[in-house]
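Note that chain A is present in both complexes that follow, paired respectively with chain B and with chain C.
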Partner chain A sequence: MYKSLTIRQKQIVWAWGFLALPVLFYTVIRFYPTGNAILISFQNWNLLGTRTWAGFDNYIKLFNDPVFWKVFANTFKYLLIGTPLSLLISFIIAYHLDQLRFMHGFLRMLYFLPFMTSAVAMAWVWRWFYQPVPTGLFNNLLASVGIGQIAFLNSTTNALPAILAPAIWAGLGFQIIIFMAGLRSIPKSYYEAARIDGVGWWTILWEITLPLLKPTIVFIVVFSSIGFLRIFDHVFNMTTNNPGGPLNSTKPLVLMIYDTAFSSFDMGYAAAQTVVLFTVLLVVSLVQLRILRDK
Partner chain B sequence: MATLALRNLVKRYDKTEVLHGIDLEVADGEFVVFVGPSGCGKSTTLRMIAGLEEVTQGTIEIGGRVVNNLEPKDRDIAMVFQNYAIYPHMTVRKNIGFGLRTAKMTKLEKSARLEEVAAILDMTDLLERKPSQLSGGQRQRVAIGRAMVRDPAVFLFDEPLSNLDAQLRTQMRLEIKKLHQRVGNTIVFVTHDQVEAMTMADRIVIMKDGHIQQVGTPAEVYHSPANAFVARFIGAPSMNMLPATAKDGAISIAGGAPLDLARAPDGVLNVGVRPDDLVLTGGVPILTGRVTVQEPLGNETLIYVDAGAQAGGEVIAKADGRTPPAVGSTVTLHADPGALHLFDATTGVTIR
Partner chain C sequence: MTIRRIPGLARATLFATATSVAGLLGSAAHAVEIQYWQYFFDARIAAMEQLIEKFEAANPDITVKMTHFPYADYRTKVAAAVPAGEGPDVVQLFYGWLNDYVDAKLIQPLPADVFPVDRIDAEFFPMVQAMKEGDSYWALPTAVRSLALFYNERLMEEAGIDAPPATLDELVAAAQAMTKLDGAGNVTTVGLTAGMTAQDHHWLREVLVRQMGGEPYLDDYTKVNYDTEAGRKALDFYTGLASGTPPATSFGFMDEPQAAFKAGRAGMHIDGSFRIGALAEIRGLKWGVAELPAGPDGTKSNYSSYWVNAITTKAEGEKFDASVKFMEYIVSDEAMQLWLDVVGELPAKPSVGMTEKNANDPVFGPFIRGLEYAHTTKFVNESAQRDVLVQMVDKIILEGGDPAAALSEAAAAEQKIIDDAK
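Here is the complex of A and B:
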């Protein structure tokens, strides 16, 4: 029977043969829980008891929860500061690293190293950096030049940027590598032609390099946005004694979900938050793709 | 418009010398083609003229002015690149206009100049298109257009036709030649294709290993090549080279019967004969061999003749297109003694 199939039909049979396992896997591990989470968001459940129907109660509760709006704002702060800043820094580094021959490989490795490091380890090291005198590196340095102490992690205004810094740093290596690949793919003759035409470096950067890097930029923006919207491990590990503190000033959505689900065991409420996060991620990604898409 | 002069031009990368002192004078409005195998230094020379590579030693003069230390933009040149270097995200208008970015002209003058160039290149209708919507030949024209708007003293072309298919290449070759006749700028054109060089050039510069082998008109380099390299490089198929010995004004080619040739000096030498000149009848018999392959070209057929080890293997000859000798048959090839080129066996220099 197989032998009587056309070449195209045989290819389809084989393709589905190989796809069957991942499809099954995804259905069980991804789609079923996703559907279930959406269902739970309309129910009350404490993980052990029976589920009871709650309708839109969880969403209404969420809408009226001041902590949620605080957390929602925090999440967007991570996104709106983190993504542009990391994009800018990684581009500047990649742009200059690309023109450098001396120690090129070594420097690239240095920038990539944080990306390979465990976020937990990194968060704890940075947490130590931020401690007050005589433990913390930064405050020691400040003290040695006569500047007063800065409460990095214990201040409601400083804590979020202080946590964002290592998160940006951790992602730089990856973004630099992607940017460098993008820069390398621009033909040298484009720059030579521009040199003969005599335009300045700013024109070259603004009208040749950046437009041609657009696909790279789209990729990095979408990837880094998703990363910042889902930020968790840096926050959790740097504020373990009071996760998301002080006064929820660093708490992102994922941490709130975690707390609601596994400290309060309010699964329905946590699921509602998850659905909101999912929607935000989807909308942000779609909007970015649309804005940055080629006309 | 301007003259161009290269004087003792040397290029070294670290310790490797790739150009060993190039001397060349290009007249105002002349179309000069640099040709040679890859790695011969022709592109390097062009890029040095453009200012994209530094001059190690010697001088480059454009319009009588030494430009060694001038930025490319100040040299009054324009260049067309092998991959065109037209920007995919800009329209044809912006691409061509890019060459005018730094020109001291009003906006109106710039757009008038742009329209004028577009009209010359017959692409007024294409100005709002993106490069991705253009064919290979049209992209090539955009690249030429961008060079033309600058109205440079010297046009530099770096193998601009090698990305085109054979038919389009022939067409663009003609277009560039016509363009040159029309605008009359000095052109330096680099190619590895000897046909391009022959068909387009006023003068051809043949290069090998960083040395100029010969400079001359297409007819000169074809009919009186300076050495065996030029002789074999120019003309397709390549000139046959046959080992020979000469004594007392008689020459024995590939161990054959002596043939009177007064200009041949005594000793071992190489005899070159173009396939076009090696025919079945007419002239004097040169050698005999078995036909191994036929290549019909329509009005004529190229035949590959196995002339034996003494002749260095296979030679190519020309036969009639209608009645070529059959594969496997034995033929005697003839040539006019005047069509034989003599080369020194060791140096390869032409013996006249």
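Here is the complex of A and C:
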């Protein structure tokens, strides 16, 4: 049978033979659970009993749940503060690091280190930094120079930025490396030509560097957006006593999903939230690709 | 050829006969094997191993195989295994999960001839009756937990207090005496720890509300009843702890109440009996335990929670009989004493707990005495119901909200959680 195939057909058989493994993997590990999650979102299930049909009940409940809207807003706060800020900081660092020769490798390693550190360990250390006196590093410093205490985590307004700070810091290393790779790939001759023409650094940055970095920026924006939309470890570990608190002011969507699924065991409701998160991620990514791709 | 074949055949026949005889003998003496599942916690595993050993020695025809895995996977594994006919015959579960297990038909009622309701009612501490439905019990605990007041002996001495507070007024006075402030007025040592995320929500719910003359829930915990005068008094007392001069406490001090107490930065700390082990390991910390302070009219109350053992629906026939025997053993006086000695969890029966030795034990005594008047909240979703009270206090402390309004909102929110779970 195989022998009677043409060379072209044989190639196709081989190609599919090799592709079968990842295809199977994705079907079992990705697509089946995704489909199942969408199915569960239309059902009620507490992990123990049988699943019963709920129709759109879970989605209606979600729409009418004030906590969900609060959490939805928080999720976008993480995105809208986190992505531009981390993009700006990482670009500034990468731009200057790129021009630096002295201890270049060492500095790059220092910036990359937080990215390799466990988010859990980092979150706990920052959590202790943020405590009031007598334990917290920041508040002890403030107290030693006679400035009043700042409630970092124990405040409905300060807690979200306080949690976002280490999350941004942790992601910087990766973004810096990507930016530096992007900067290195810009041909030197463009800069030489510009300098011969006597153009200032601002114009070089604005007219040459940034436009040519566009693919890099698109990648980092999409990548870090997905990261901030899915933020969980930092929030969970910095607020374990009252996950997402105080008063849900730091709770992102992923944490709400986790709570609903594994403390309340309301799998249907959690699945509905997951479908919403999936849709948000999809839409945000598509929109960003669209906006940043064409001129 | 033929001569040699015959002995071969004979040997084969002999062998076959021998193995089938051995097989027959084997099944005659064959022991029933039952499975016991619990979550992983060193001391609990050690205690259960000892119990199984003693049980098997007394019942040579039964073997018990224990399986344990991390707490986080517990529910999903049990849920997947039992309906598939795998997994435990006797299972340990948190009392708050009972309804889910019953509804999912994962466990069966204990046989009333071996565990008659009136006898269990009489023999166990009263809060165990939360496991009863109609003419039978669904599950029974080997050990229970309750709350008590831990105190730091060194800080008490420094403040000139010679005995732990016995009433709420004494509690506040002692806490104020032990609080330390720095030059800027920041609290550096609290007299009493406070944090709704730890055990304080139980203290408020089942203890303070009752001590102010209220009843936190009605109709078998289906109706929230703390949005009352008593509830407001209890909440005012609790949040007021942070506002005296000097304050008795500071909310969120050192992140976690138990951390402040462990670090010697808290004079007193309300916590469960499960904290004893962790505190015993802290070097240089001298601490004692007292019963929770009584209310203004002398009312004493406490909160108790526990893990229970139940027989799953998988156990049938001889496995069911063996499981019943095993259940009988692990809720016996002997098992409870062993559990107290090895794990440090409190006996579920007065016959073990209220012995001269146990009830007057300097560490376990106050917890065990608390069991006599303890209540067990029938949660439908403990973490969600806890969050309601956490948010109530946050609204008052962090946002300066009106306590009465926050209390009403909390009561309504918790009622909704209970109603939705029906």
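Throughout what follows, the second predicted complex is superposed on the first by the 282 of 295 C-alpha atoms of A that agree within 3 Å, B and C clash if a C-alpha of one lies under 4 Å from a C-alpha of the other, contacts with A are read in each partner's own complex, and residues count from 1 in each chain.
Methods note: contacts are C-beta pairs under 8 Å (C-beta built on N, C-alpha and C of every residue); 3 or more make two chains touch, one makes a residue touch a chain.
Here the structure is a predicted model, which means the values were calculated and not measured.
Asks: Once the two structures are overlaid on chain A, check if chain B and chain C clash or fit side by side.
Replies: After superposition on chain A, which the two structures share, chain B sits beside chain C with no clash.
Asks: Which of the two partners, first being chain B and second being chain C, lies in contact with A:47: first, second, both, or neither?
Replies: Second partner only, chain C.
Asks: So in the superposed three-chain picture, is A:247 touching just chain B, just chain C, both, or none of them (first/second/both/neither)?
Replies: So A:247 only meets chain C here.
Asks: Mind working out whether A:148 is in touch with chain B, chain C, both or neither, as first, second, both or neither?
Replies: Touch status of A:148: second partner only.
Asks: Nearest 10 degrees is fine: what angle do the Cα centroids of chain B and chain C make about that of chain A?
Replies: 150
Asks: Looking at A:264 after the superposition, I want to know if it touches chain B, chain C, both of them or none. Which is it: first, second, both, neither?
Replies: Touch partner of A:264: chain C, not chain B.
Asks: When both complexes are superposed, which of chain B and chain C contacts more residues belonging to chain A?
Replies: C
Asks: Touching A:36 in the superposition: chain B (first), chain C (second), both, neither?
Replies: Neither partner.
Asks: Classify the contacts of A:135 with the two partner chains as first (chain B alone), second (chain C alone), both, or neither.
Replies: second
Asks: Could you look at A:156 and tell me whether it touches chain B, chain C, both or neither (first, second, both, neither)?
Replies: second
Asks: Look at A:185 in the shared chain and tell me whether it touches chain B only, chain C only, both, or neither; answer first, second, both or neither.
Replies: neither
Asks: Nearest approach of chain B to chain C by C-alpha atoms in the superposition, in Å, rounded to an integer.
Replies: Minimum C-alpha separation, chain B to chain C: 53 Å.
Asks: Could you tell me which stretches of chain A are touched by chain B in one complex and by chain C in the other?
Replies: none
Asks: Can you check the complex and tell me which residues of chain C touch chain A?
Replies: Of all residues in chain C, those touching chain A are 72, 75-76, 79, 100-101, 103-106, 182, 184, 186, 188, 195-198, 250-256, 265, 381, 383-384, 387, 390-391, 394-395, 398-399.
Asks: In their complex, what parts of chain A are in touch with chain C?
Replies: Within the complex, chain A touches chain C at residues 46-50, 127-128, 131-135, 143, 146, 148-149, 154-156, 241-242, 245-248, 259, 262-265.
Asks: Name, in rising order, each residue of chain A that touches chain B in their complex.
Replies: 187, 189-190, 192-199, 203, 207-208, 211-212, 214
Asks: Which chain B residues qualify as touching chain A in the complex?
Replies: Residue list for chain B touching chain A: 50-52, 71-74, 77-79, 81-83, 85, 87-90, 98-99, 101-102, 146, 150.
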